[in-house]
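Worksheet for the structure shown next.
Chains: A, B and C, in written order; residue numbering restarts at 1 for each.
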């Protein structure tokens, strides 16, 4: 252990200690906090969403004419919307939908991204060249825009949103994985594995992949973060989840009409959204630095 | 001029304060060259940074006094310290590439100290002095260098630029922290000559920090040896070299490979291998296409290997020595089939030759435990039960001088020497007949280096290995090899038995290398 | 100069590829434009005649070349829904979206660079702590929600602007700009937060590099090291980020236009998508993609100016 300490206090240490204002120490202390806060936020959110999948205080789609735009009360924790539906129940259900869409999106993005990124990064050459061109083209489209194109071709609906966003997410994942594979493939340990007779697939998935899990995990979290935002944006625009089903984005767009009379209608779905995104982004941060 | 009295440095950024330098004392006269020697972790760089006033004031506890012409660097005002830095005290560093700002032109950086300390000078005058300085450090075409960016220069040129930038205000003290470690031996030699000339002509005192005892001996009259934050010995360089007082100094000196006749590895026993050839390389050529500078230009081809032929006989250690960029690593990769050659052939007369790499931090998979790494070659080959694999791995650990508990550790938990032992072990798991060691000890401290060389030699005897030993270090190659090849620009310029090449060199380049390495000085 | 020509060639290639992809996607998938124009009751012979007239029976490549030729002349075809040229439909809208994006971009640069530098300079202090935490939260607020909050606070409560009271730039460009400020803030907020964070991290990691130590050893003070040496290096990743953010901001403006009721490209894109008015969708998508690609090209040039190490890959 003594030896380890010496090494860590060696050159790299010397470099930042000469530096005029304190920095690294601060950054180091903060990192685990990010992870813990992110994990707590995400954990609580998952609990609520799971509970919401089984039971909600009211049927999120049943309307109650007597409770139109009702304010916050014990019976309606977050009040009611313009049809008298319980906002709390709808937020629970809507978050569930958003999360499912995000999971599907990130799933497609990650699996395809790893495959494409690993192959192009590891082998390089012509496939890589072609891929990078396509990637540049896809990258030119913001994901929401790409989603809109696909939706305008396939029609609205949650399933189509997953496909659309999933495709939109492949390039960024592939780019990250490709970069990591390029970094790793010239490392000496990969060369030694090749010398010991390991095949390309073994090198790629048994030797290299475990070394990029941190990067992957954190980009999956960032992916969730972006997917939640993109889904909410699309359902805000009226694409994606169709009424009367609950979705956070759609609720926000409906709530805008009643913004002055009933601000809580817009506030709670928005806060739920921020909660989700914040959880994922802090997790990503914590993983990356930890 | 400089007096360091009872210097203690202590870090406070961890929970437990960590002392890196204990009771350091040093006295320097104007115009003197003093060497500060120690292995990594000895606190020599920390001491240097403290003297240059470059340690931050936040997280360090500093005790003692550093008096520069009577002023205490540790306690003087910040503005006063800044006035000294770059004007009276200048510093150069180990990595000239990273020590220069990549996005600013070289000339700007050379002039910077003038801009700070001689604001009265006009732009023209500054440029004139900078050009003069660049010419002074023996850079040709100073005008062009003035305009270039650091990435456009070679390593040796960058270090010259660093020296020019440090010397521009004619400081009284130049602190040189491992200034030649990242450079080739011939360049290293030139930089040392340059520093000596600067010292003589400008009367600049130099504090020369290095891990390389023989280099320090060549340059310095007085030497301070450090270990683990303590001064173990200080005094006249020759005295310390010939009659070291401390055990540690003696160990350091003994670890330097000797280059005297008959001091190298026991030559092969002709009885056990005979003249059997293990590897035959004939007329290997390889060239890389360079990036075209415009669409119309024809692609330039750079030849990396220009027809290399040699044989490795069973049971021998063949040394391959050459400077960086001569193509020796490419050659190793071609031999192992990791690179394709354009022409020529490689004939192996043994199974699965293995390789030990330079960087012990990069050649072990950081995500796997040592045991897993050692077992992996057997797992790939198949035909062993997990039990057998484990046993063989543990046996190998013992063979390379490590305990069985290492198997459950991750590479990052090991020291550099331990890692290199694991690398050797992993390479030997398949019991190859031929081992290629590419700069296998270059990244290690000299005492650790000595141990690893010893290990390689004993494993060679024990397992009947042949080794192709590639290195830039003349001494190490002599210590290890029976026969030596000297490589330059993709060609083998000289080959023969170690004694023949080292003591009766025929090619001028070999002579140049030998002179730069100053082998006599180590003895 | 060689760098410029090579990048320019790449730019043209990417533009061609994108336009072809968009064209092909719309040509292959969405069904029959003739039916869309004439309705489902039209007779087969009339449909066939219209197809012939629109040139829909020609091979894909020929149609693409014809389309791109028209496109370069500024003829984007006719809307299926409204019997008018796409050009006349989007001509007024482009400046609106561009202004929105430009103001947001300026805001991002103006907010993030000083704040990022200040954070790094006083890393570990109270200012830094506050900004870092605020950043993390602001990054999590989607632009349309911050738009709603801004409408509520600045529009409905503080009455600094009239929500929905958009004034077109032909009428009164000053009120137009005034109305655009708040939507721009909504777009700029999350991106600025990201840029602040990136710049802060970038400066702090640059500060650990060897050349900083060299700069100190020449007698520079912290301020000189920061502004003369570090900032330029630290801005390199921020430039990349800003280039990519611009693409996102165009998309973000589509949504925010909806929040603030601004008749820009986003509005017309959405109505056209729900009307299945493909020529309009196609033209807008290609325009946005072109804009993004050209911006990336400019970023590449800027990159080269800041970092002399950049050469042709």
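Annotations
Keep this in mind: a residue touches a chain if its C-beta (ideal position, glycine included) is under 8 Å from a C-beta of that chain, and two chains touch if they have at least 3 such contacts.
Keep in mind that this is a model prediction, so the values were computed, not measured.
Across every pairing of chains, the maximum count of C-beta contacts belongs to A-C. The most central chain, judged by C-alpha centres against the centre of all protein C-alpha atoms, is A.
Averaged Cα coordinates give chain A a centre that lies 21 Å from the centre of chain C.
Between chain B and chain C, the centres computed from C-alpha atoms are 50 Å apart. Mean C-alpha position of chain A lies 45 Å from that of chain B. In chain A, 18-22, 25 are the positions where the chain touches two or more neighbouring chains simultaneously. Touching two or more other chains at once are residues 209-210, 213, 216, 221 of chain C. In chain B, the residues that touch at least two other chains are 49, 54. On chain A, the positions that touch chain C within their shared complex are 12, 15-16, 18-27, 30, 133, 136-137, 139-145, 148-149, 151-154, 225, 229, 232-233, 236-239, 249, 252-253, 255-256, 259-260, 263, 266, 270, 273-274, 277-278, 281-282, 285.
Of all residues in chain C, only 2, 5, 209-211, 213-221, 224, 229, 232-233, 306-309, 311-312 touch chain B in the complex they form. On chain A, the positions that touch chain B within their shared complex are 3-7, 9-11, 13-14, 17-22, 25, 187-189, 191-198, 202, 207, 210-211, 213. Residues 11, 13, 18, 20, 40-41, 45-46, 49, 54-56, 58-60, 336, 338, 352-355, 357-359, 362-368, 376-377, 380-381, 413, 415, 423, 426-427, 429-430 of chain B are the ones touching chain A in the complex. Note for the complex: chain C touches chain A at residues 13-14, 17-18, 21-22, 25-26, 29-30, 120-124, 128, 132, 136-137, 139-142, 144-145, 148-149, 151-152, 156, 204, 207-210, 212-213, 216, 221-222, 225, 244, 247-248, 250-252, 254-255, 258-259, 269-270, 273-274, 276, 278, 281, 285, 288-289, 292-293, 296.
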